[in-house]
Structures are given as C-alpha cells and as structure tokens.
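Presented sequentially are two complexes of subunit A, the first with subunit B as partner and the second with subunit C.
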Partner chain A sequence: MAEARQVTATQDRRFQTYQLDEAYDEMFAPDGRPRPQYLTLFNRLLELSPSELEARQQSADLSFLHQGVTFTVYSDARGTERIFPYDLLPRIIAAAEWETIERGLIQRITALNLFLHDIYHQGQILADKVVPREMVYSSKHYRREMRGLDVPHGVYVAITGTDLIRLTDGRFAVLEDNLRVPSGASYMLANRQVMKRIFPGLFSQYGVRPLEFYGQALQNTLAALSPVSSEETTIVLLSPGVYNSAYFEHTFLARQMGIPLVEGRDLAVHDNIVYMRTTAGLRRVNVIYRRIDDDFTDPLVFRRDSMLGVAGLFNAYRSGNITLANAIGTGVADDKAIYAYVPAIIRYYLGEDAILPNIETYQCGEPNERRYVLDNLASLVVKAVGESGGYGMLVGPHSTAEERATFRTLIEANPRNYIAQPTIHLSRAPCFLEGQVEARHVDLRPYILYGKRVTILPGGLTRVALRRGSLVVNSSQGGGSKDTWVLTR
Partner chain B sequence: MLYSIRHTTRYQYTSPIVESVTEVRMQPRNTDYQQCSQFRLQVRPQARLFTYNDEQQNTVHHFTQPGIHQQLAIVAESEVLVLPRPGLPAWLPNDSWEAIDAASGQHWDWVAPSNDTAPTEQLQQLANELQVTRNEDPLKLLVALNHRLHRSIAYDSGSTHVDSPIDEALQHRRGVCQDYTHIMLALVRNYLRIPCRYVSGYLFHSRTDTSADGATHAWLDVWLPLLGWVGFDPTNDMLVNERHIEVAVGRDYHDIPPTRGLYKGNAGSEMNVGVRVRMLQGSAEQIENNEDESAEPTTYRSTAQQLQARYAETLAAIQMQQQQ
Partner chain C sequence: MNAMLSRVADSLYWMSRYLERADHIARQFDVHMTIVTEQAVDAARRRRRRLLTTLVGEEEYAEAENSDYHLSVLLTFDENNPNSIVNCIAAARENARQVREQINSQMWEQINQMYLAVRNQRMDELWSGQLHSFYHTINQEVYRFQGITDARITRDQGWHFVQIGRYLERASETADALNVDFRELYSNALEQDAVDQQTYLDWVGLLRGFAAYEAYSKVYTANVQPRHIVDFLLLNPYFPYSVHFGINRIQSSLQFIGEETETPKSARVYRLGGRLRAMLDYAQVDEIMDSGLGSYLLNIQNQCTQIHQLVYETYIAYSIEDKLKSMQ
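== the complex of A and B ==
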C-alpha cells in the first residue's frame, strides 16, 4: 500500500480523516485538488457547518423511514427489515464520462442479447468454439426449455442492472452483468427524491440529468414487448410476496407504473391465456414484469414445489400469448464463468472491442487457473458463479485462514462453480459519516431498458461500502447508497 | 409391423379439485424406423387440446381444466408402423473411442450425468462388479453390459416408484424398466462417457419378456459412430427391435414423463394406467402372442400429506429468491 496522503486542498477539519491513496478518488485528483465536477459541491461543504450537515442527514434518514424504503437481510438471524442506509453526498459523473459508459453499456447489452438468442437457437458461437459448450450447458441458469422458442422482438433482457466499478486509472469496468431480476431501481429513485429536498439549491445549480421518468420508461419498454398493441396491453408485476427482501421495491415500481402488483395465486392460465383474478372477474394479462426467479415461475415445468408461480405459464409463454420480462433463461449470460467471455462475445457478434473492460477473471474449472487461484487465495476475490448479492464470496485480503480453508475445499469439490478475480481497488467517493467527510468505496449500477430500443437511465444506484476499508457494497452485507448525478454538460 | 396402441390414464382425487393443468407425452415419434400414422387423444372433463414439440422434438399435448372435478381420464390411441432395424456389426472400427470423444461436444447433454443418472457410491460398486471401463470395443462392451446388468437386477414391479433414485434399486438389486434404464444410462455416462438417452415407449410383449405387460416401457439409446442411435433394453436383455414403439426421448425419465400435472385443492390422488398394444399386421407367430390378456392396470398413489409437506419448503423458497 502506498502511504496515505491527506487532502492538500484544504486544512478544513471536516476532511481530516479523508483517505487518499492509489484507489481512484471520485472527488479529488491525485494532487489533492477537487475534480472540476466536484468543485461546487466541495465549496458548499466548506460553507456548511458540521451540525448543519448532521441535521440534513437526520432529515434524510427520517424521510426514508417514513417512505418505508427498506430491505430484508436473510443471513441475519433476527430477520429484520432495515432502512437502506443513505449517504448525504451525491456522487457526480461528468457528461463525457457518462457518454463512454452509455456507449459501452449499449454495446454490451446488445451483444449479450444476441448471445442469448444464439445459444437458444443455432448455437453458432458454440460451434465456432468462441465460448466452450460446456460453460453454457453446465450453467445452472441455462434453460433447455427455451431452445427454439422465439421471444418478442428477440429481446431476452428487457431490464438490466450492470455493476460498474472505477479502476485506479479512472476507467469504468464491468464487474457483473445482472440479467435476471436486477433490483435497486427504487432506491435510485428514492435517493433522488430525498436529495432534491435536502439540497434543493445545490441540485438545481448543478444541472443534473433527470431520472424521474424511470417508471414511465419501464412501462413503455414492457408495453413495447407486448404481444398486443400498447393501448390494449395489461401489464402486471409478479412478486414472490411480502417476505421477499425486495418487496418494497415491487410495491414502489408497481405504483410508479400504475400497474397491478400480483402474486402467483392471483393469476391463472386457461387455454394458454394468462388471467388475473380481479373483483370484477378474470382479466387477461399480456405482459408480466416478473420479480421471481426462473425456477419458480411455473411449477409444471420448473420446480414442482413452487407456489410462487403459475402452473401452465410457460406453455402460454411458448405460444406467444404472454411476455415475460425478463425472458426465461437469461441467467446463463450473467453466470460469472460466462462473464470472462463477454469481450469475446462482443467481438464475435459486433466486430468491436469492448468499450467497457472486464476485470481479469480466473476460471477454477481450468486446471492451470485453478492452481493459481488455490495458491493465491489470500490476495484474490473468489465468487460462486451462480450466486448474487454478495453471498458465496471470499474476499482474500480480509479473510481468515479458516475461511480460506473452507473455500479451498469448496473449489476442489466443484471447480466449475467458482471464479476468482484480483482484489480491485474500487474507487472512493466522499461520504458524510459521524461529522466527518470520509472516503468510502463505491460502485455504480446503471439501469438499462431494452424494448423497441435501448434506454439507459442517466445515473443509477451508487452503492457504498460504509464500513471503513470494506470492499463489499451489497446492501445485504452492510452497504448503503447515495444519489448519482450525471451532469448535463 | 403395424400396431394399435391404447394408453389409458385415470386420476381419481380424494376430494374435488379445480384448475388442473396437464402435459402429456404419448404421441409416438416419427423416426427412421417408425411412423405414427394415427394419433387421437381424448380427455375427460373435456378440454381444448394444445400441442407443441419440445426441444427433443417429442410431441407434447397440454390442456387445462378450470372447473371443479374429481376425476381425470386421458386416453391416447395410436397406430404405428415399425420397421425392423438393421443388424449390428460385431465390432466397430479401431478409432471409435476417438470418434465418440470428438462427438461428445455436440452430444453434451447426453454425456453429462443428469439428475437421475448422477454417480453414487452404490453405482461405483456396481461399475466395479461389472467392470465397466473402456477396455474393449464400445459396441461389444455395451452388448455385454446390457446382458450383465439384466442379470444383476431382479425385475420386481412393486419395488420402486417413479421418483425413486437409482440407489433404491441398486441397494436391493430390484427394480423396474425405469431403474434398469437409469442405471445403465448412469454407467454409460459416468464410466464409458458415451452419449446416451432415455427412451419411453411401449413394448409389444412376448411371453418370454421380463417386463410387465400392460404398462409403459423404457429403454435407452446409445450413440455410436457410424451407427448413430442404437437401442438397448436391459430390462429384457435385448436390443431394441421392431417390438419397441418409441414415444419420447430425454436425458432421463423426469424430462419426459407420460403425464405431468398440477391442480388446486387439498386432495390426494390415485392414478391408474393401462396400456394395450395390439398387432394389426405381422407374422403368424407374432400374432399368436397377441392375446388380449387385459392386464390389471397399475395403480399409483400420492397423499394430501405429501403435498402439504411441500408447503413448508415453499415458504422457505420465497426467501431463497436471489436478489441481484
């Protein structure tokens, strides 16, 4: 580790513990001066007294509590619902930086969508040995039932939440593609709402691109994929129910779009048509924004014990009478073992180099790479390929010998199931913590909507590892979030 | 040979149910050796029938019955022409193992052990006993394995049920055609790494057959260079021939059960299955075997308790929904 330097731009005591080292800092350039897009915020911070900032933080927290912006932590035995921790200070992205992100994401989602279509049809990329057949067929998210099935407009992934991180050289790179049931858009919207109340002046002074149209854009995307015309389309949001950790988000998004929030038992399939039970009788449904995993959508085809889905749904889907967003079987393309092949996938379908780079990834399924991983567990981050949300993960530098031994056994028992990546210095952004402005690691999850065309929300959810030194930003693992500003120019 | 087949399935529920959804794989396939010239499916209560071809080109019929009912009857009738298969050579060319390995990429699903054919300790034991390893010509090995497996397992129609893992049959060395087939698939996939698939269908029985008449039958296809899919019937210690009528192929039984259904209601169910295969045209000797013995239908039961036990698991599943 290089020696940490103190901020040189100011002697202000609010920044006394602000850590600067080789990790990229969102606010300060390496010489310690604020980057141009942060200058206004920086000056404003110097004007505000710590007690003033404290008061605004409290006001923000209260606002989240009143709105009921919560999530549930499964691994916590107390099973509690918590407020999603919110950090007061915005993360600011310059217009030019965003333009690169936007182009990179459009490129990536276009290629991944072509990949999904290919592996569920001809499998040309497999025959050409660009991606090993085994990687696809052994993925637990590969759905054989999708072979030969055509989805509306060829769009498999209508909603994506791609996790980006910023490397030490300032470039954004892709950490994970979330192509199944990405969550968090509601937090992005709630953060913005609160921000506009807490810092109204600063916000309007800055020229921040709006996000509020997300609900409308999502609805348009879903309607564009409907088997019937938009005007006649009935869209519902299918939730696993109140015990699910993202239930708040389900209610929030359904309300934003003005569509019914349903559970499996509210739906029925008859003669390949999906109906919703309403107080006025059965009503035909055309599009389901489903927030349940593939395995639970239809007990007739997938998990027989699932009571969350609707029996017969898949046959209705196959017949083209209903659109599911996202499509079934998209998880194979965000499998962490497939991730390593995404740059090759982009080159294969689009003939271009990836605009947003990948993180170097070792496949434990490959004997040589596995040996390297097992020899270097203490410096690597190991991930189970089919998991998400920060579960099933070993962060080498922060692990105990015992944890490493456990992972060694796990990897040896099922190598295909693990990948490893070097420990990345996620960039840091200023956060207001206990009266101080401190630097904490952040990532960025922009949301991509793919209907008739690709729409990317300017911004996204910036997740923060609120514990000092922590690299894990997942809300389930003690992370929080902050508002993300993409500037108009 | 020309056969007429009548396959009846009756479900009786212990109390009235609603909203049943059913999928049926009963229409014989068209292959190089077989042509299904007629097929008729009738269901009670009446329902509109839909059909599609699954990823293996099996024909699937499905239907929904929303109203209250306490019985469900499915009758599938077909007429199928089956041609004799060409004889097999005594052995394959020397480079056959290489050819098998070279083709295993495109046959990935048929080589990888599926849920029902994953290796177990008991399978290992049997593999040792029968010396299942690549030490000889693949075809000769398979023919010998078909025979030895037949002798290692006793046919016992009540010994296992449709959801039994292979260990149940392996432990007591007793089973039915599904077990013989799953065990041989598991041996061929795990120890010989030759592509193979589960075949469900019917057998036009002769008096000497081991398997029970009046029920559906199962065997396996093994993919071999030059020959393509070759059928083995370890239950009856024979190669698949013109008495076998193929209905569906899959990785294992659970890819292609003849019926698969769900309903709403707190009720157990009892299923009765009857299969009658008649020969319409064939040699005199074969026709002689064609007695209508009207075998007792086979009965399967599942109780409401079993269904309720799944409920607790489902509640847990709500929480298991992965958050991305």
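== the complex of A and C ==
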C-alpha cells in the first residue's frame, strides 16, 4: 500500500523526496497519479530541467526585489526589507471546487454582517440564546461605542480575507475569519503579475480566471458605502506610514484604486467633518479605507497614545459624515470563541446549513464537550479564547504529561475560557525547492468585497509553509506564497 | 480646484532634490579625478578643499583634503556625511517610497535599483579600475530616472514640484560652485581674464562639473575666460545647468501650481520667483563682475531659500487653523 502511494507516474529524480501521506495532496490523487487540473503542469515540469526552473525562480525573486514587493523585518536594526518568499509553482483549483467555495463565502459573510448589525442593535440572537450574551460582551474586540450606530447599507465588513484549509477528505473548511484589517491582497496581485511573465505559455494554456479587476472592484465597493454620491466622493487609504510592515501593500492598493494614501497627520477633523491637507488647502474626505486597527483610529475615543489616528474621527463617524471600511468593532465576530458559533449564526439568520464547514471546535464551557476534551487532551489542540499568536495554547500530540495536567487544572477552573480543536492536517501542494519538487503545507486566503453586492476574487493568497514538516504559513516564520489559479472550466 | 496631498508634494520635491544632489556630487568627483591627476600637489589640495566646501561643508577634513581615496569615501559612502551619494540616494528613495502610489512603478523600480547598486558597491573594487564607470553610471542612471519621469508622468502639480526640487537644487549648486571657485581662482589671477596653464585646468573643471564644456565652446569657442564662464553658467537662459535657466523653470512651475490651486497666497510665491527671474533677465556680466560676483551670488542663494520657504508656507506646512478660518 505504502508503495502504491509513491509518485509512480515518473522515475524523475525531481520528485524523489515528494512526500505523500494522509494529508490531502493538491497535485496527486491517492493512487499517485496527477489530478486532472494538475496534469498539464505536471507534464511541463517533466520537460523543464532543474536549471531552467532555477533560472525562472531567480528571475521571479529579482522581479520582486526590484519592484520592492517586500515586508519590513522589525527585528533587524537596519530595517531591512525582505522579499516575501515566492514559490514558482501555481496552486490550481478546479472550477467546480471554486464554485462551492464562492457560495460558502458569500453565505458566511452575509450572515456575519447580519450578526454584527444585530449585536450592535437589538441583540435578537442573544435574546434567543443562540450565542451566549457574555461571549459577545466579554470579547476584547466588542466596541460598545458602536451600539445603535447605523453603518451604510448595514455593511460592517466590506473587506474580508477568510483563511481556508483543505481537510484530508478534500473539503475546504474555514480556519479563521479575518474581519478587521485583512492583508495580503497585494501579494496575490503581484504574484500573478510575476507568474504571467515567468510562465506565459502555461498560463494561457490553462484558462485562468483573471484578478486584474481587484483595484476597480475595491474602489467600487468603497464608493458604494460613501455617504455622498459616488461622483463627488473622495476616498482615501489610511496607512500607519512607511515603517509599517504592510506599507508596500498600502501603496500598491492606493495606486490600483487611484486614491490618495494618507497618514493620520494628513487628516484633520473640524465640526465632525474630516479634511485632508492638500496643496490647495483643506479638502473634504468621505470614505476612509483604514489599514489601522480600531484601537488606533481616534486617540479621543480609543487608545490615547495613538499617533496614527485622527482626533475627532469617531465623532465624525457617528455623525455619518464619513464611512470607515471596515467598520469599527468587527473584530468581535472573528473572535475565537464566536467562531464556533458561526454555523449556528448562519442557520439563525439565513435558515441554511453552512456550506463551508468549521474546524470542529469543542467549547469547554459545555459539560459534555469539556468531558471529551479532558479525555482526549493528548490528541487535541487547546486554545484560550482571549489570546492570540500562539499564546495560551496546548498542542496535544507535542505536549508532556505535565503540560496536560496544567491545562486540565486551567480548564476546570475556567472552562468558558477554553476551546479545543482536533489536530489538523493542512493539505500539501508541490513547491520548487533547491532543485526538487517537494510537497509543502498550504492554506488559502480568498478576498471578499462587500459593497452594493458581494464580489469574490477568483483565487486568493495561497500561503506555504516552506520549511519541511512545518504547519506555519506566516511570513515571519518561514512562510511564503504562491500564485493561485482558479480555472475557467 | 485641483489638489494633491501636501505630504506628497513634500516628498516629490525632496525626492527630486536629493537625486539631483547625488547626480551633482558624482559628476563633480568624476571630473575632479580627470583634472587632479595633472595638478601639482598644492593645487590638487586646494581643489579638494574647494570641493569639500561646496559638497560637504566648511569643517576640516584633513584626510580627504590630502587623498582622493578618502575624498571619494567621504563623498560617496560615508554614512555620517548627510550629503554622501549613498545617503542622498537613500533619502531620495525613502521619499519615493512615501509616494509610491503617486509615481509610476517604473520610476520606483529605477530609483530602487540605483539604491541597491550603490549600496552593494565595494570600495576596493571601485579603486581597481572601476572608478570612472561607477560615477558615470550614477549620472546615467539619474538621467534615466529623469527620462522616465519626463516621458511618462502627467504634467500636473506633482511634476511641477519635481521640477522645483530639481532646479532649486541645481541653481544653488551652480551658484555655490561659481562662488567658491571665483573667490579663490579669480582673485588670485594677476591680471583679470588672463588664464594661466595651472588655473586653466580648474576653469575647465568648473565648466565640466556642470556638463557645460561642450556647450560653452559652441558659444565662446575653446577660449576659456572667467567672465565668459560667469556669463554662461549664471546668465545663459538656454543651458539647462545655468542659474538663469533653472530660475525660469522654477518660475513657470510656481505659476502653474498657483493657478492650479487658486490659493490666495500663491501670487506671493510666484512674484518672488518672477522678481529673481527679472533680475537675471536684465543682468549684464560686466556690471556683476564690477560690483562683486560674490554678493550677487549670495543674493541669488538667499532668494532661492526664500522661495523654498514660501512654497512650504503656502502649500505644504501651512497652519490648519488659519485655513479653517479662511474657509468660513
């Protein structure tokens, strides 16, 4: 059996170290043969010599360096900019698979927007006890300042980047909803630009759905949420500035949309009207695509030490003179504890079952689920709901008996504060690494725009854990990205 | 009313200025190396001293004054010298980075590649036969950047702020070099306008430092005379490195920006430019030389500084409270 799972389609030495096991492989079916959508790429890989592939990789890297498609490494004293590692081989998604993802994402974002509107108004879903009231009110990202405030068209989350993973059975599932300030769209677009240059033939052979319209779609989305008519609306992108690690993305998107990139110091609020400082004097602003967190938007209302925001912005927002995208307070809906309730939220508002499943999540607050978690600590991942970035976490399979005992005590003392999930296998996709084609874990972040209607970019950012065996796709920890192709048929 | 962010105008202006400065330093040093090799030790040291005065400052730089190697390190790579080429290009790039969404991607890539190339250059390699090609390449690359800018950028306010940055820098560099060279070389001449073989090299160096020797010869033939040099580098309205040419360009850009923004104070800015322009339009070289070149050049530099300040007060660093008052 084990032998049958090897890549038998070729004796090619490039695939010698390609790892196939219980994780879903994007390129090869369990019998070791390429999946239909990967066949053309597979054959092309057999034709190209490793040195040709190497040359293309270098040409791609150089192109990123020259374009300055970089992120800033804070820990480095020289403030060095690094290129975001880029893998040469595209990740390919069949048309039918994408169709499911698309429907699932539309359903999910529609429900989450209704949920946000509800909890900042009547709170019907809380009264009906579908989501526990205290889960919402105790969330770090709940903003009571938003209560009773109406946002244009009820759209709280105009821009979403949802993290999907593929389960061992091939289904896509939601790992995380990023409803605050999702990033990465510029890398998706830059990857595509480079890919078209590096593999022009392959690209046109395949029939790949285009992404170019993202700038226009984003601009239209923001304009649709403006308090004034779209002809006279002034939209700006608010960036923390050149030292922010995502600054490249901010400039890239501003240019794609043809809107000014502003910093807090370029804006001023007077009589609840927001102005920007221009060579021709002060000019009124109607929509702000803000790339700073809630906490930093207005020092008068949120963090007082914020130098990035604009004093008086929130009052201008309350008076309806300015639209912020995303709205303030959306983070409550991508809270780890709320995540488990999203299928119930979808059912509550839309009367449908979730098309994209969640990762199974056990609420330690529920006695039955808690019992299961405590009995299976060695195989589960336990997370504290209030924490992020890997803190307050127990990874069962890698834990010691002592650590498990500590968590048992913690969970029993404060069960509501903990959730648990099974250890998940991210799917793997082929990557070109040091002359070999190797399998690496990937996820997928599609981008969803919600203005007058919902628009979903066909594709998204595929992040790759470039280190062998690693499940971490973050760029700060050896992660990279690759172009994602959604096929037209 | 057409508007651009004040901060963007600020960055475009400095991006352009710093790049012009890097170009200037590279050309000055490149020309210096072709001349200094033929000069006596004393004349060579004085020449280095003059370069240091215009390009770095009045302080003592003993090592650089005595050796071209140290001079090139100081002018090119020294991170403690705010006006080293590497710092100028880094500052230009930093400003370009602040307005990446405003300039086109080719401009950004060009400036970014220049930065990477200069930063990765090694000093020992430079002095093993690549000296001229290194500095020459910087000039070529700056021209290429300006070429991309001129070929592709919309002639809106942004372009005019780029022009003002470039020509204010150029005008003050030219005025500065004329001032320093004449102070030393001209007063030392026994008989006015007589050029001996020693100083001949320095006079030619002054022209070539502004890529002006060939253009000068077309007007005055190869007859190199201090008075003609002043006439050419200061008053010629058609030569792109002359002060007069630069002021003309500044004046028309100020006018464009004034009309475009309709800011009440705009008139004050371009009147200031107009006054300087008129001064140069009607100037006579003999009168200038008789009444003192030094004070004339100082006056020009002061007026350039005033223009810079007024541009900032009017378009970039104005007080928001005042603007709000005037809007009511």
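Assorted remarks:
In this section, the second predicted complex is superposed on the first by the 417 of 489 C-alpha atoms of A that agree within 3 Å, B and C clash if a C-alpha of one lies under 4 Å from a C-alpha of the other, contacts with A are read in each partner's own complex, and residues count from 1 in each chain.
Here is the rule we go by: a residue touches a chain if its C-beta (ideal position, glycine included) is under 8 Å from a C-beta of that chain, and two chains touch if they have at least 3 such contacts.
Predicted model, so just to flag it, every value in this text is computed and none were measured.
In the superposed model, A:47 lies in contact with neither subunit B nor subunit C.
Of the two partner chains, both subunit B and subunit C are touched by A:270.
By the document's definition of touching, of the two partners only subunit B reaches A:180; subunit C does not. Residue contacts after overlaying the shared chain place A:252 against subunit C, while subunit B stays out of touching range. Between subunit B and subunit C, the partner in contact with more residues of subunit A is B. Once chain A of one complex is fitted onto chain A of the other, the partner contacts of A:283 are limited to subunit C, with no touch recorded for subunit B. Common to the subunit B and subunit C interfaces on subunit A are residues 268, 270. Contacts from subunit A toward subunit C in the complex involve residues 65-68, 242, 247-248, 250-252, 254-255, 260-263, 265-266, 268, 270, 275-283. Of all residues in subunit B, only 19, 21, 23, 48, 50, 52, 54-55, 62, 64, 66, 105-106, 108-109, 112, 260-262, 310-311, 313-315, 317-319, 321-324 touch subunit A in the complex they form. By the touch criterion given at the top, residues 1-9, 94, 97-98, 100-102, 105, 108-109, 112-113, 116, 157, 257, 260-263, 315-316, 318, 320, 323-324, 326-327 of subunit C touch subunit A in their complex.
The residues of subunit A lying in touch with subunit B in their complex are 74, 133-134, 137-138, 144-145, 147-148, 161, 178, 180-183, 240-241, 243-246, 268-272, 291-293, 296, 299-300, 303-308, 311-312, 315, 318-319, 334, 387-389, 476.
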